[in-house]
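First chain A sits with chain B, and in the next complex the same chain sits with chain C.
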Partner chain A sequence: MSEFTREGLEPLATLGNDTPRIDAIERVTGQAKYTRDWKLPGMLYARVLRSPHPHARIVSIDTSAAEALPGVRSVITYENAQVVWGAGSVNGGRQYNDPTKDATIHRRYIFNNPVRFVGDSIAAVAATDRHIAEEALTLIAVEYEQLPFVLEPEQALEEGAPQVYAEGNLCPDFRGEFAPMISNIGDVEAGFAEADQIFEERYETGFIHNAQMEPRCSLAHWQGDKLVLYTPSQGISNCRHDTARDLGLQDHQVQIISKYMGGGFGNKNQNQDADLIAATLSRRAGVPVMLEYSRREDWLGVHGRWPTVQYYRVGVKDDGEVTAMEMRAYSGMGPYRKNSGGISGMDAYGCPNRYREIHPVYTNRTTSGNFRAPSEPHGHYGVENMMDEVAYQIGMDPVEFTLMNMRRPTEQQQFTNYSLEEVIRNGAERFNWQARRRVTPGSDEGPIKRGAGFSFMMFRAGVGTSSAIVRVNANEEYTLYVGVTDIGPGAKTTMGMIAAEALEVPLSQVEVVWGDTDRCPYSVGESGSRTTIMTGIAVVEAAEDLKRQIADRGMPTGSDVLIASATPTPTTDGMTRQCFGAHFVEVEVDTRIGATRILKYTTVHESGRIINPSTARDQIRGATIQGIGQALHEDLLYDPQSGQPLTPGYYRARHLTHKDIPDIDVHFIEVDDGYGPFGAKTAGESGIILAPAAVANAVANAIGKRMTSLPITRDKILGAMA
Partner chain B sequence: MRDDKKQGKRSEQAPDQDPAVKYVDPLNPKQQSRRDFLEGTGTAVVAGAGISALGFPNAQAQSSTSGSRTAINVTVNGTGHSVDVDDRWTLAELLRDELDLTGTKIGCNRGECGACTVLMNGEPVYSCSQLAVWADGANIQTVEGLAQNGELTPVQQAFVVNNGPQCGFCTPGQLMTATALLNRNPSPSAEEVKDAMVGNLCRCSNYNAIVEAVVMAGEEGGVA
Partner chain C sequence: MKALTNVNATSFAEAASAAQSARQQGQAVAFSAGGTDLLQQIKDGTDNADVIINLRTIGDGRSIGSDGAGIAIGGLVTLTELSQDPLVLSGLSALAQAADSVGTPQIRNVATLAGNVTQRPWCWYYRNGFNCFKAGGNECFSVNGENGQHAIFGGGPSYIVHPSDVAPALVAFDAVFQVTGPNGDREVSAEDFFVLPITNPERENSLTENELLTGVRIPTVSSSTVSTYHKIMDREAWTHAEVGVAAVIQRDGNQVQNAKVVLAGVAPIPWRVQAVEEFLAGQQIGEAVAREAGEIGLQGAQPLSNNAHKLPMISAAIERAILNLAAG
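On to the complex of A and B.
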């Protein structure tokens, strides 16, 4: 059994007390209704036809046989249904930004010609039954003219490489200019001149699919000129706005219903092409249409974490002071830029001279986009393995090296609170770091070797605008309206708990209305670790307003109600607000077969006040395990000759199963910094940021070889030991 | 009004689309037809003999099996059903679409994830990988058949108190495999739980909590 502790704050009346989810019964009895569980009268089923080629121009498409198949009601293709999927490709990867979408150079459509990756969509069919729709796809005749393709981001920038777009393979930035993302702090060359030693290394990381259990789907239903969409969404307000924009509607003409959803991890931000395809088919057919993606389509057709190549250079003095850090990197975005391609981690260091240059690059692989902490885990892996290697090379303990070089508050940039040093020291002591790490990496005798690794982070916990409405009736029954969806972390319960605490009533007196844009106010969406803080602040503010109304006017009587709404614009008074974490892991590597086993895993996080302990604990445990999968198993391999993806799916991507899972110990240091709802910060993305870095460092400590490529599969360990 | 706005905004040729393709209103059923386009370009239609990247052969017509049905008798959660099933239906489709038991989830539809696990004559099976016709004469239990008269089973109760579901999509399958385990081994160890449940994936990776919950359910006396 894994350990779970908390220290620093006493529980309040509701917050900080272990609370079963308010919808737990629905979730364990099969009553929770997910998108595919809805049925509407006359509903059709839809399927999408996708490109089997990595890059091709469609010469012709003939849908007549499909249209003639009994039961087929609508067939749409790139020829007769050109809908821009605004969130599908955005200059600079800037999301939620209409002007940028308007200026975007390389747009993605719901169907595309030319096709630019295996899985690019070209047509869709709606039929009375899903088997007929699938059969109809086989009747669509497509003639392709195959084009040269490129898979690797570095190769894509070489002279003479196949061009994904005529303008070249470097993605345009948010201004529409073809330039890398550069961050330049201090004077990096002066920093290298100060250094006693300079270290260099190349790191690379793989594509990781979100692989949420519920494949993408969408049920579209037109009521006159109003579109009702049942869809799994990590942000119903954003999904509504994106969908309305793409279809040329006003926001109020679109209703998004997303009650229960089977996970997202960034896979279901904004709207998706499935929403637009289902809406278009439904409009044409005149009846509701349910579009279901297969697991393989979801794997290849949507997006996952971008693969990267990272070149580091670090200058260090003999006493361990880092004087310069430089990274030049490449992020493989696939053929559409859904997100930035960012690579984070260097900012966790205080070194005054830092240069970072990231080239987001088009390739003919599947599209890259958001995955839980989009820019962080692969970046922390690269930076922290680089720095771990430097520490061992100069004979320092990596923990001491980190404490010497990590970013700390300065007069120019203060923090609302800073507990990184406490988090690291606490973790090192709990884990017994000094006993578990090998001072000389790889020094265990024999083929089975043990070692320990560590990683640390600070991650944004900023405040921002969201909305909430609270109502009370004469029976003192409170109703909270929040535009959240319950993607898995438990936002519905968390929001109810915050309301109960602020209203000073038991949670059982609070009903939560969620997941429906016609019933709920704007919420920021379940992405960027924002819901708990931002919507939570709005809930507190609305509750305070309602309490004042009750104090002034008394409880309502009869059929009267009192209502309060809030859309606050909180600030952190010029300070930065961060959550903090450190992971310590011990591994055992059997160097004869290259297998890595995790023996002990200790996590320490400062995420502000913990609202619901068990769900916060499982955010850390689950994200950590996802990160272990990224470290050791998951990738999407392509055949370089044919451009075909080889490992889509849980089995071939080698996803972790029950038997692979170590106990993850979770320790929270709780702090109320005076910002956020009752001092709460975030926990949703923290765990995955640190796991790949810590696991890879542990493997290096065990075997004495730095593993510079994720995932650290058996063949790579065998190769390193050979 | 919507159409006016659309035309004004998007009537120009998008730069990255095939220049031969004219803009067509996506929501207007009276769109330009594909045949108009093909006739205009004089392109002959040739069936692409491509690889089927996504499991769908993209060229050849296959003979339809729709309409081929078989009458079966199946007991689900204690209730007998005589159903005329399409021979192509999986057991998951029968349960979800015909019997409205949507608690059983389809995560991969190809026997990889276990979200669709149900008990067939007491044994856990992937209902996505069983044809409905094979269930003739079988006794099926789904997640809807666990609680009796609103009373949760110990393993369901343990999932409630130990946060067994995160997104909840794998939960029905996890519960069914756990139920089968607890039926034959009322007090399993954590290792025994992991062995039995290896075929049930959880991408929220809530594995620690799930194993703890099943062990907890066992300690409290197994499934009644």
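On to the complex of A and C.
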């Protein structure tokens, strides 16, 4: 079930109507060309050799037998191909910042020695077919000197722990200083002094792979000094810039083509080592090279959500007012710093005294990086379970406790609009919260127990500047050029719809050109939930310009065209722009076998005006499904003795199947804050944030025991009940 | 993936002799039935076959039929066929249910009875390339490692659990396994087909090199026999059993005359819980009896450091399977 509440919003001609994706037919009929579908004359296939050890120094490498294998055209290793992969490791995880990349202390190369995790790349082979390339890998002789390794972030900071880098295991921040990330608001100690009761708990979350359907791949084709790169990308402009930078080229010497891709969820931001390896092999071999990662390589060699350990302390008065919140936490980044290691959630509370200290830590696990709402789901799980526990301990309804303590607009910090309270109340009513939650957790008789939980969020809409170009010909056919790709949320269709609305023509009159940096202007990229609002605003402005031109000069005739472009720098007048959401879940736990089943799942979101209801709804559903998987199943288990990963892949990480997925009710409250294109805000990432928190709260309400570690697997439930 | 030779066999006997001659030339050989498991193992490098002997080109072994003595099921019958066959559905519910619980429809459409019963362990050490007993080494890495999915009964020196759902049902029905080798045919009871690691830590069954499983024969079950397969999984599909229970009960009204109870997912072979079978004989099926049976099912359990959570699951699974078989 899904529903859109649009009180006070003016209906529009195109926006707000369920609209099939403009590339749906190509996709479902197999005509869509994904990166692996490209075939170029003389193309070679490439494979990467990876470290089988969690930490080792390579003593020697001998590629002569591989080179001698008929069909092998190029072999490159850490010895003869030292290319810095700028986005692979950045001080402070500042992914989009060139000066920080330049100053990065712990650089990552396309091939590394020492190797620092199982899956670290050391060499690659290009050959006339895939099988020869794979056989050639087996012929490369590598002698390793194994080094001690460390897997758990807290252990990595203990004295005497194996060192991933000589400077220690605490990751440097963006200034290059080895210090935790600290945010200190008010005076926590004074806040704790004011409290009647103080609660503490430790929460833990696992590594979650993005698990997008299409593993990484890259096809590189040099045309003189120009590199044409076919690669699945969530940001062709950023990928172009990163690739040019890493290869010592100018941006215009690189063309990125990403016409169709099989999902990203943050796996495909920026450039990937695959792009640089394919480009390097292709340059040496003098012909196009297609590099493909297997599922296992994609799982271990790219990245996933960072595992965390979070210690909370919360002070509360007897009437429910929270006076102090403190979190000390550890994020396991693997051996390279691809992202911040952030843990968000405390900011959703208004408590004036808040202290947060996060230690991003190097380990010898696989690398951590972007995954849909990179800092949020694990953080909301930790803080909202902590607060849910506090509410029950002091005898309050968690919803009332939240309404009392959540963040609201202040003099100092205004919002473009604020609907969190409405979202929560609306959700509680639809879900029938009062009837479903157990006032006394775990109070159902018998082994099958039900309970309900909820969680809430606000999520910032990213910033950035994009451009758009729109053209019209004498047939009144409009062409929109935007540098977007479609990682799932339907950006191509959304851009076409926004253009049609702004141009006051039907969508069928608008053709969208996307996914090619030589044909499309700069776009921020499909990350940070910002394409709709940032590129969308550029589309609106370009369309307005074109309409003015048409008004001034009339429709073009003959072979004339009119063209308009825009590169706006939108602001929100110093206010914060947030989307809001609340999720309510009812679960049934079979405490004899530790199984959790979801009986009801209600979501309410406010993401401004909804452009395309069908894709917006599916965004929330898909993200919620990922969040439930994080809550109940997914993890990457390592063997503590050998440092080997044991559970990569869909089968072992136990992703939800269709049979596991409950009905998910989606409700949007639509508003126009006057800032986004036609009032749109952000939706893409937000849906994933709340399920781990809400599901865990519901399990606690059902069984009367707090689940302090994700995923909530059977053994943990049975352990708690024993 | 390495280069391979494929041999299309036209009979089981030919497959056996082809295997023998390839081995005599020093090549590693694997039989491929549905190939759903084998090909992935070859790609992962956990099976190093040089020669694949393709059984899909064999005409025999694809039918299910009954004669006076019972039901004969060909080894190349797919799991989908097995789960939908009228003879199996009417007399051998536990077998149909077990087959239907395997993996996904896509896997069941291709995977065969013989391949399912002889599939290699899914232990995450073995499948991740550790040089364990199953790979020809002499260590079981689960003992001091991650053993949440490992054996509770019959373990040592290897602690794998047998992955097949179909096998426990076959044991519970007293199936006879038919085997063909270079030296001819033989029959072996389902129970004797599977071997504990104490006997042979490298292999899960008594097939010798170059021998194949060609089919099974299930003795006639009486009309008073009821059966079920109860599987606890970590998600609703596409995964092996955490704990499975095949229960076959001959009953008079609600009174048990004779019971066979065999567990999946907890031992290196399909694990008969004889104490439960003995307890059930003569009892009236009911909640208290089922619960006690579940508790008795834990006799002799030897959990490892990290798999004791399977104990309550075993009890619950036995209890629920038995209650499922209550009359009316």
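Convention: the second predicted complex is superposed on the first by the 708 of 722 C-alpha atoms of A that agree within 3 Å, B and C clash if a C-alpha of one lies under 4 Å from a C-alpha of the other, contacts with A are read in each partner's own complex, and residues count from 1 in each chain.
Just so we're on the same page, a residue touches a chain if its C-beta (ideal position, glycine included) is under 8 Å from a C-beta of that chain, and two chains touch if they have at least 3 such contacts.
Everything quoted here is computed from the prediction, not taken from an experiment.
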Identify the partner contact of A:Ile61: answer first if only chain B is touched, second if only chain C is, both if each is, neither if none is. first
Once the shared chain is lined up, is A:Ile448 touching chain B (first), chain C (second), both, or neither of them? neither
Name the contact category of A:Ile198: first (chain B only), second (chain C only), both, or neither. neither
Is A:Leu656 contacted by the first partner chain B, the second partner chain C, both or neither? both
Would you sort A:Gly719 into first (chain B), second (chain C), both or neither based on which partner it touches? second
Taking the superposition on A as described, I'd like to know which of chain B and chain C A:Arg592 touches: first, second, both or neither. second
Kindly classify A:Gln641 by the partners it touches after superposition: chain B alone (first), chain C alone (second), both, or neither? second
In the superposed arrangement, does A:Lys33 touch chain B (first), chain C (second), both or neither? first
When both complexes are superposed, which of chain B and chain C contacts more residues belonging to chain A? B
Contacts of A:Leu139 with chain B and chain C, given as first, second, both or neither: first
If I apply the document's touch criterion, which positions on chain A are contacted by chain B in one structure and by chain C in the other? 131, 134-135, 138, 644, 651, 656-659
Chain C to chain A touching residues, read off their complex: 1-3, 104, 124-125, 128, 130, 141, 144-146, 148, 232, 234-239, 242, 306-307, 309, 312-313, 315-317
Residues of chain A touching chain C in their complex? 131, 134-135, 138, 592-595, 633, 637, 639-642, 644-647, 651-652, 654, 656-660, 713-715, 718-719, 722
Parts of chain A lying in touch with chain B, wherever the complex brings them together: 1-2, 20-21, 24-25, 27-34, 36-37, 39, 47, 49-53, 57-65, 69-71, 76-84, 105-107, 109-110, 112-114, 118-119, 129, 131-132, 134-135, 137-144, 165, 210-215, 225, 247-249, 253, 260-265, 280, 283-284, 294-297, 300, 486-490, 614-615, 617-618, 621-626, 629, 644, 649-651, 655-659, 661, 663-664
Which residues of chain B touch chain A in the complex? 2-3, 5-6, 9-10, 14-18, 21, 23-24, 26-27, 29, 31-35, 37-38, 41, 43-48, 50-62, 64, 66, 86, 88, 96-97, 100-110, 112-113, 115, 142-144, 146-147, 152, 156, 159-172, 175, 190, 193-195, 197-212
